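Just passing along the structure, written as structure tokens.
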Amino acid sequence: MTTTAKLLLHCPDRPGILAEVTDFITVNKGNIIYLDQYVDRVENIFFMRIEWELAGFLVPQEKIEDYFETLYAQKYDMNFRLYFSDHKPRMAIFVSKMSHCLFDLLARYTAGEWNVEIPLIISNHPDMQHVAERFGIPYHVFPITRENKAEQEQKEMELLAQHRVHFIVLARYMQVISQQMIHAYPNRIINIHHSFLPAFVGAKLYHAAFERGVKIIGATSHYVTTELDAGPIIEQDVVRITHKDSVQDLVNKGKDLEKIVLSRAVQKHIERKVLAYKNKTVIFN
Amino acid sequence: MTTTAKLLLHCPDRPGILAEVTDFITVNKGNIIYLDQYVDRVENIFFMRIEWELAGFLVPQEKIEDYFETLYAQKYDMNFRLYFSDHKPRMAIFVSKMSHCLFDLLARYTAGEWNVEIPLIISNHPDMQHVAERFGIPYHVFPITRENKAEQEQKEMELLAQHRVHFIVLARYMQVISQQMIHAYPNRIINIHHSFLPAFVGAKLYHAAFERGVKIIGATSHYVTTELDAGPIIEQDVVRITHKDSVQDLVNKGKDLEKIVLSRAVQKHIERKVLAYKNKTVIFN
Amino acid sequence: MTTTAKLLLHCPDRPGILAEVTDFITVNKGNIIYLDQYVDRVENIFFMRIEWELAGFLVPQEKIEDYFETLYAQKYDMNFRLYFSDHKPRMAIFVSKMSHCLFDLLARYTAGEWNVEIPLIISNHPDMQHVAERFGIPYHVFPITRENKAEQEQKEMELLAQHRVHFIVLARYMQVISQQMIHAYPNRIINIHHSFLPAFVGAKLYHAAFERGVKIIGATSHYVTTELDAGPIIEQDVVRITHKDSVQDLVNKGKDLEKIVLSRAVQKHIERKVLAYKNKTVIFN
Amino acid sequence: MTTTAKLLLHCPDRPGILAEVTDFITVNKGNIIYLDQYVDRVENIFFMRIEWELAGFLVPQEKIEDYFETLYAQKYDMNFRLYFSDHKPRMAIFVSKMSHCLFDLLARYTAGEWNVEIPLIISNHPDMQHVAERFGIPYHVFPITRENKAEQEQKEMELLAQHRVHFIVLARYMQVISQQMIHAYPNRIINIHHSFLPAFVGAKLYHAAFERGVKIIGATSHYVTTELDAGPIIEQDVVRITHKDSVQDLVNKGKDLEKIVLSRAVQKHIERKVLAYKNKTVIFN
């Protein structure tokens, strides 16, 4: 498989952007293998994801970003990111005591489903150490108390930096992430929330769903922002329940939802198919 | 088809209730054609729906309620309701300006899908008059203002009483129902709420869903209680959306959900398959 | 709202098509309000749907087709269709004895949801006359026997021609359409099949689903081709069932599916968002 | 948690069965914690699942089966099975080269979600050895050729017998099971079929779905019978796809479906909530 470049961008919509960008690629002998664009007509923003093969492309790989910046980004006031398929992003997993999401992430990783490296797992509890060991991934425990939280997060961030981690997956990590870490990884911390947001924020959500007597439960994967449970939603899904389901039944059904919804979101992130804008996401498919 | 009796009951769970009740029916030569029971082990409440054919049943139809009250209800502290299939419940529809739920209800009614009578439609606007006329159902307009609301509702209730209406379906009726009417029809006013409750209460819900950037929207049918949008949920369903959907797209997709969810709830109510207990429902199937 | 042009096309994929077509529109002062493109990399076919406002467009509306043919279609070996929003397509409904799809189509039509004209309804039975009358649409009965089938279809086709019908919706029309009519309306006859194709072809499908013990049933809307139940699929959906559901329950649940799936397919067809290629469809959204 | 007895039975429907059976349990001081019954009115068969606590039950655990046989089974021509919660069923997994279902089963097993023992994994290929090792479960390879198939299956069956295996889960095992083994494990071999049966039987199913242009794909878990892909269905689920999905996308989406559908079926089997009758299942919930 040849190396490809993936370009994600957004800018105020103006005529000609799409034509110019595709022209830039085709004129320089790039073979476009993916193009999806979308115009948000309320905000008047143009979004695009374009992917092309680098074999034979006339602009050297290391200069593409610079050229694009000079030729188009300034002209169109673009916000863009360029990724290359020969570069593997590095992902950290944060986990507490539940194994279902962790197993699902690591099974996919081990099966080679994702173009990603997982250099470490971080937890506030030792419980999931055995899972990390089964997959041969270093597991670091940082117990968190009210008193040591800032300090421990500081150490975690140093560890993440040291491992050159690009993004973080909270696989049912039962701690609120501090602003400092969120700012260090903007739209690069993916959480799984065990309800159909915006229904049921906070904790004890399956109890709340049980009490309310809903007929469907859900799970939501979103980027973490400083407002709790309010970041851009990447993926959601639901499952039907009945009055016969106990809280424990809801927990069990919810776990299947959570792991699939989280893994779908992580996959889209890895494939560079998510573009967050304000508090929403554009999902390319 | 022979006449059947449908008995719905709930009471504190104790051993032997199910055996005694089924025994009462079989000993008296009733042929049980449906039995569903459920024990809520949190509240320790026994729920049952049982249906049997009256042909050959030794207890006369008009005395069953009395016998059952004497023999079992008092002994087990039961709350029960008895319905007969040869009795058609009478249903009123309340509507404002949108036709989709109204058309769906009337199409089913006209096709003979439901064992129900619809003697009248009530609205706060004249817009849906033409729909009522297509189906030959009297349409009464009661314009509502802040000042005349109590007075108009009083007139509506008189009309409902006069038509011996058993239950009310709010087919996107854009008015809050007063406590007085709710108390007159306890768990007998069915509303369709255009969101996946408890997400998004109040009004302008598709705008809210759009703003939040959800990936799935829903609709909820519930009994109306005095707390807004908080009554026992009968039925919910959802549909997937994307960032490409405008508010208008959400409205359109939502309309299909709303009419199907409302009609499913109404059907279950007509078939006597819903038993509300506290703020939840047991749905027999 | 200003008039828009909608262009749907497909051709062998080559670099530059997208850039050239969008360039043609923007250079001529057309404001693009929709663009979706897709490349089938197995067949190497480029598909596009593009919509732009005609206000201020430099090419006169009546000459666009000619210009496009000359400038691009020949060059790229394109197959294209051009539609204008100020042109209402004319749709005929064929129905037999069931009302659910018919009511759903006519309710949407009456509510003004669709940019379409419905000049007539054709049936092989008189049963649905009353529905047509409620909506004030002429209803023509052509009873079909093995002997008169060719002759009756001939008369139907004359009637369709006379009413300048562009496409036909089979709203549970229980007759196989002859090759002659299919050839006259290629990819312009939309059927609703009451199963999740390719499971269960032919007739008595809910019985078949019941016998097989499936846990989910479906409905499929597709263009009619000369091979029975094998045309390009436009839309499908499913609903969960249980062992408790009788054949009649399946029929009832299926009816809700059928009408929604058919109406979604019809809407996409009316909005020119379906492009059939070989035996599959590209659905623009 | 106290030990419970789970009784599953079916027999020709006659009045009084339910009353007698529940009476037997309550009279003997058994506390019923679950009861679900269902009458198939087409076949006239009564199905029941009842579960009660053995603490204080007057009939000794080891005599319940005998008593029940003598008192009720003969009288009502019942087919029944009795299970005790203090008995862990033993399950073998058969796998070929794909890991997704295997990982999902083992993750649940390791997390203690299921009351089951997994003493061994059998495969026709060595590829999944590493997964078995991560979870510390013996992995036996029996390469299959046309010539050695009968012989190898014989060895497998000896191994299964030696490990006192009660039921087998085919976690994408790409071999047809012989009649001999099927007869040895009637309704105790659970397969996952990667389509929405009865659509697409045989092999290369995602290719077939892609070719047909379906808009939804599914997965089906069923008991294996001697007729290929035709055994009683335990669970099905589906996921929406679009024309943009390649065969590989279908495979990936399908894998998530397959593992969840298979695990749901296995869980229901372990919980003794499935009762196969003829070619269908009754699923208690």
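Each chain gets a letter, A, B, C and D, in the order it is written, and its residues are counted from 1.
Everything below uses one rule, namely that a residue touches a chain if its C-beta (ideal position, glycine included) is under 8 Å from a C-beta of that chain, and two chains touch if they have at least 3 such contacts.
Because the structure is a prediction, the values reported are computed rather than measured.
Trainee: Taking contacts as defined above, which has more of them, C-D or A-D?
Mentor: Counting C-beta pairs in contact, C-D comes out ahead.
Trainee: Hey, how far is the Cα centre of chain C from the one of chain D, in Å?
Mentor: 42
Trainee: What is the distance in Å between the mean C-alpha positions of chain A and chain D?
Mentor: 36
Trainee: Multi-chain contacts only, two chains or more: what residues does chain C have there?
Mentor: Residue numbers touching two or more other chains: 41, 242, 244.
Trainee: So how do the chains connect up here, line, ring, star, complete, or something else (other)?
Mentor: complete
Trainee: With touch defined as at the start, can you tell me which chain C residues reach chain A in the complex?
Mentor: By the definition above, chain C touches chain A via 15-16, 18-19, 22-23, 26, 31-33, 35, 37, 39, 41, 240.
Trainee: Taking the touch rule as given, give the residues of chain A at its contact with chain B in the complex, in rising order.
Mentor: Chain A residues touching chain B: 38, 40-42, 196-200, 212-216, 218, 232-238, 242-244, 246, 279-283.
Trainee: Would you pull the chain D residues touching chain A in the complex into a rising list?
Mentor: 99-100, 103-104, 107, 110-111, 113, 131, 134-135, 242, 244, 252, 256, 260, 263-264, 285
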